[in-house]
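Each chain carries a letter (A, B and C) given by its place in the written order, and its residues are counted from 1.
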Amino acid sequence: MDAPTAVAFTPKTRRFVMRYPALVGMPALLIAFMAVTVIIHPDYGSFDFQSLAMGAMPLAFAAAAQTVVVVAGGIDLSIGSVMAVMNVLAASTMEEATFGQSLLLSLAILVAGALVGAINGFIVVFSRVPDVVVTLTTGFVWGGVALLILEKPGGGAPDDFLALGQGTLFTDWLPTALILVIIAVAVIWIPVKRTRLGLLLYAIGSDRIAAFRSGVNVERTRFVSYVVGGLFSAVGGLGLTMTTGIGSPLAGVYYTLSGVAAVVIGGVSLAGGRGGIVGPVIAAYVLTLIPTDLIFLNIDPNFGQVIQGTLIVFVVMIGGLVAVLRARK
Amino acid sequence: MSELSSILEVRDVAKRFESVVALKAANLSIKPGEIHALMGANGAGKSTLVKILTGVYAHDGGTITVRGQTKAFRSPAEARAGGIVSVYQDPALVPDLTIGQNLRLAKVAPAAVSTWLKQLGIDGIDLGAFVRDMPFPILRLIDLARALSSDPAILLLDEITAALPADLSERVFAVTKLWRERGHSVIFISHRMAEVSALCDRTTVLRDGMTVGVTETARGSEEKIVSLMLGRDVAKAQTAAQRHESVGSQTTSDAPAALEVRDLHCGLVLNGVSFTLRAGEVLGVAALEGQGQEELFDCIAGVRHHDSGAILVEGRELKLSHPGDAIREGLVLVPANRLQALLPQRSIRENVGLPAFRRKDRWGPIAMGAERGRVESAVKRLQIDTRAESELRRLSGGNQQKVVIARWVANGFKTLLCFDPTRGIDIGTKHQIYGLMRELAAAGSSVLLFTSELPEIPLACDRAIVLFGGKIVHELAASEADEGTLLRAAHGLVAQEGAH
Amino acid sequence: MSTAAPRTRLIPGGGFGSLLRSQTVVVLIALLILFVVGIEIGRPGTVNSVWVSNMILFAAPLGIIAAGQTLVMLTGGIDLSVSAIATASAYIMATHSEGGAVWAVLAGLAVGAVVGFVNGIGIALLRVQPLVMTLGTGLMTQGILIVYSQKMLSHGPRVPEFIIALGSSKILGGIPVDLLLWAPLAAVMILGLRYTGFGRLLYAVGDNRGACELAGVRVSQVLLTNYVLCGLFAAAAGLVVVGGTGTADMTLADVYLLPSVAAVIIGGTSIFGGRGNYSGSIVGALILTVLNSLLTLLDAPEPIRQILYGAIILILATAYTRLTD
């Protein structure tokens, strides 16, 4: 998807840009970041690009999982813990497995992810407790489950399985990790987006009461949003296993918060109903580039977290400022 | 009438919300091919009955029979499948979806909706446009067209004309009649007696959660409906009206100016409005929908910024950047939508007391005794029903409206800016509110009153101005402000001949 | 998160739900007593004055963080930066202890005020959703603290004696010292919410922000002040926590984030704002502390305790919400 040049600004493209600013803005932001990276580190090579693709893969799935839930007007603060559960589940069961078995186990883990998402969704809908509180708490519980499965980092997976996420295809500049993200997001999201389900998710995210009055089963749709989110989290957990080679029960925290960061930066409204999945996924790559650039610049990579936090704060504050100024006019 | 001749039969339906009884025994019988009005004062239980019929609430007692089958709808979708579709007061369209997507959401064919929209006088609508970018009256008509396309046996119209300009209302009536000709039924809810008597075949009246009467609607039946709706309150309402008779005719042209507006501009909607409101005067504002009246009130109340022109109090030009600035000058607003001004989960006392804490120096300890005194006297003065005082959302619409006004009575003001304070309110409460305005004016305060119901202007006001296209096109004394004159001026017709 | 789900069914009148709604604190105290009785039955002899005094000692920091959380949740907000603030406050205090204890404490509290102020700017003036704003500032605070701690390696954190006394000792035969901080704060909270203009405004803003503006209230001032207060409460709680552990590290107060929200929810304050009070949050904090002690007595491994703790919070919150909704 190329960014349209300023010359060919027909009304149709303008409408497209106005409606989906993230589809234009996010690739531009990523290209800008890549350019900066190459400038400060002229030796940037295919190996660096591959490690970017690998490093960002789990976060890209965390962002996708969060997007589905947020678009439907919810929030899921348990995504990181769910990814950790799937990660340790994979690493502890695949350690002695053959490549074929590991693929079957991956399928089982996808089912487990959907199931965990279903549990989250069921509690949110049934309890009527606000989703923030529910998922904050279930995140704590899933964190316990991850520790129960694997007390400390360990386990493993067959080399062929790891190669799925660590290799390249055709050229050194096409990491399999990147292909996996594109395929998985497309396979899960396109059927959702193109069917009635996508319409329902956006509808309840935009205005639950109007959707209810239009005949939408709001509770069932909310439930489904968490199931789809759980599915993405499971892919994320598998991605984590592929790229790190082990299971780590405490990997969770990072992906919950950074996933929200990616969603915010990727132009999805936390109020629900607006935004797509491409923006947050690209934002995951931008967020992964930041600490890399800091290392290239010989700056303490711990600043990465400062910058990530600052970035969230700035993005939402500027968004707020624009809205406030527009309202004042 | 035999049972079989009715398509919908509601028998002794009851509904309680915790300790509050919303419906005791509602009865309603709808025949095929009729437009049936459902009327009642605020708090009579109309909205509860509507929500039960459309599956939003479950009823506790009684039976609902549709075409001979007992039904209990659990959601609007089930009600739709059962042949009952409602058009709510606020459109049931999802803002972040396009119109086409909204139609798909409700599973109706765009072609059918377009046909109905054409009937309603709207041609060539852009299905790809987002709902959030569309004007409110159009959304209402889309909502209506969508409801009609699902071909319901019973169409429920809840205050559909409340925010519609007159020409669009007329088209809605025409389509409603067409619907009747096709042998379908309509339940029509409105507070506007003129609409009801012109459109409806029969009327069911609810009072205090019970059906108190069913009457054929014909010319002259208005009185009967009103007395059914009011019950014992008729006497009270009349005294309020009479009280007005005795004070209303006083002229106040020599009184000092309480508020002066000079050449006010705001966006494209206010194009140079000037008038003077005198102390002790009730000045009426008449206008069709969207002629700048909302912006006028908002600018004076500090809710919106004006582009040019001036607002003066006691000869001083005001700089209003927040409602707090206007309140400090004694300009207080009663907004069109009372829910905008209220705290639904808090008590009457906290709602009435709220403006007292607007300044930082009042963030400290509250003088509880003094506050209680102030609040109680305001509540008494407005005769607010305090049975459900602990949570404002449990009050009826009329009582909620009174709380908004009581807030300013308790906190003190100089000029009350009342925007359609009687929208959706029953006649008894209306008379009380207008009576109060006369009292306030007699005590030296002034009132700027916009009402969408033109016959009320001569009842409540001393003088009236008519807005059209963001300008004042006519100014007249209350005695000349009959409905016909106002209506013609509001359409921009008498600007020249009337003003002399 | 402002739209409540359309309520298709309503709980029929009366019964336990309305009792819980009108007498939240009484019902919660009954639940607390039930937990205590459970402990005594499970391990006879556990419950005595020392145990009670320990429970209060452990509950105080949670109770103080929950005070701030109550304030922001009453306005319909949430503060997910409280744990980062508490940790940073404790660490900054400890690394400044050589310059004098008073300065150290002030430096710690200043962290709370500054982060709270940033939260307030975003939420009150720029209308950012509290959830994202505080998530972002929490991340930022944590990150800055990590960078700061690596610069401070030369002189490691040292917690002053009187902070240790505040966080871990008892006087007069069993009164925990931190109660001397918590009790007055609690009194100010409870009375302040009821009998001051600011308290009234918090409920009002939480119930309908627009209505407050129309009534002339400058809501952004109220919210800004409120988030600063919440930051200060969190910072104060951080000092008590570090007094209890004796050493400051990067994850010191992380465990308090979930309980601070849970205590308020269980205590009957609506996350959508406009309803609730601090006495409920106090009992909520006590219940969660006793629950923790109950799970410790079970001798179960850490993951199991974590799962049970979360599950019980969910059950309590569900029961409360479904019964009173």
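Observations on the model:
We adopt the following convention: a residue touches a chain if its C-beta (ideal position, glycine included) is under 8 Å from a C-beta of that chain, and two chains touch if they have at least 3 such contacts.
These figures come from a predicted structure and were not determined experimentally.
The chain pair with the larger count of C-beta pairs in contact, out of A-C and A-B, is A-C. When chain centres are defined as mean Cα coordinates, B lies farthest from subunit C. Put simply, the C-alpha centre of subunit B and that of subunit C have 43 angstrom between them. In terms of their C-alpha centroids, the spacing between subunit A and subunit C amounts to 30 Å. With each centre defined as the average position of its C-alpha atoms, the distance from subunit A to subunit B rounds to 46 Å. The multi-chain contact residues of subunit A, meaning those touching 2 or more other chains, are 207, 209, 212. Among all residues of subunit B, those that touch two or more other chains are 75. Multi-chain contact residues of subunit C, defined as those touching 2 or more other chains: 6, 8.
Across the interface of their complex, subunit A is touched by residues 1-3, 5-6, 8, 78, 118, 121-122, 125-129, 131-133, 135-144, 146-147, 150, 257-258, 261-262, 265, 271-272, 301-307, 309-311, 313-314, 317-318, 321-322, 325 of subunit C. Taken together, the subunit C residues at the contact with subunit B in this complex read 6, 8-10, 12-14, 18, 195-198, 200-201, 203-204, 207-208, 210-218, 221, 270, 274-275. Interface residues of subunit A facing subunit B in the complex, by the touch rule stated above, are 196, 199-200, 202-203, 205-207, 209-217, 273-274, 328.
Per the touch definition, subunit B reaches subunit C in the complex via residues 16-19, 55-58, 60, 74-75, 301, 303, 322-324, 326-328, 333, 335, 339-346, 350, 353-358, 360, 362-366, 368, 407. Contact residues on subunit B toward subunit A in their complex (touch as defined above): 75-77, 80, 86, 88, 91-97, 101-102, 104-107, 305.
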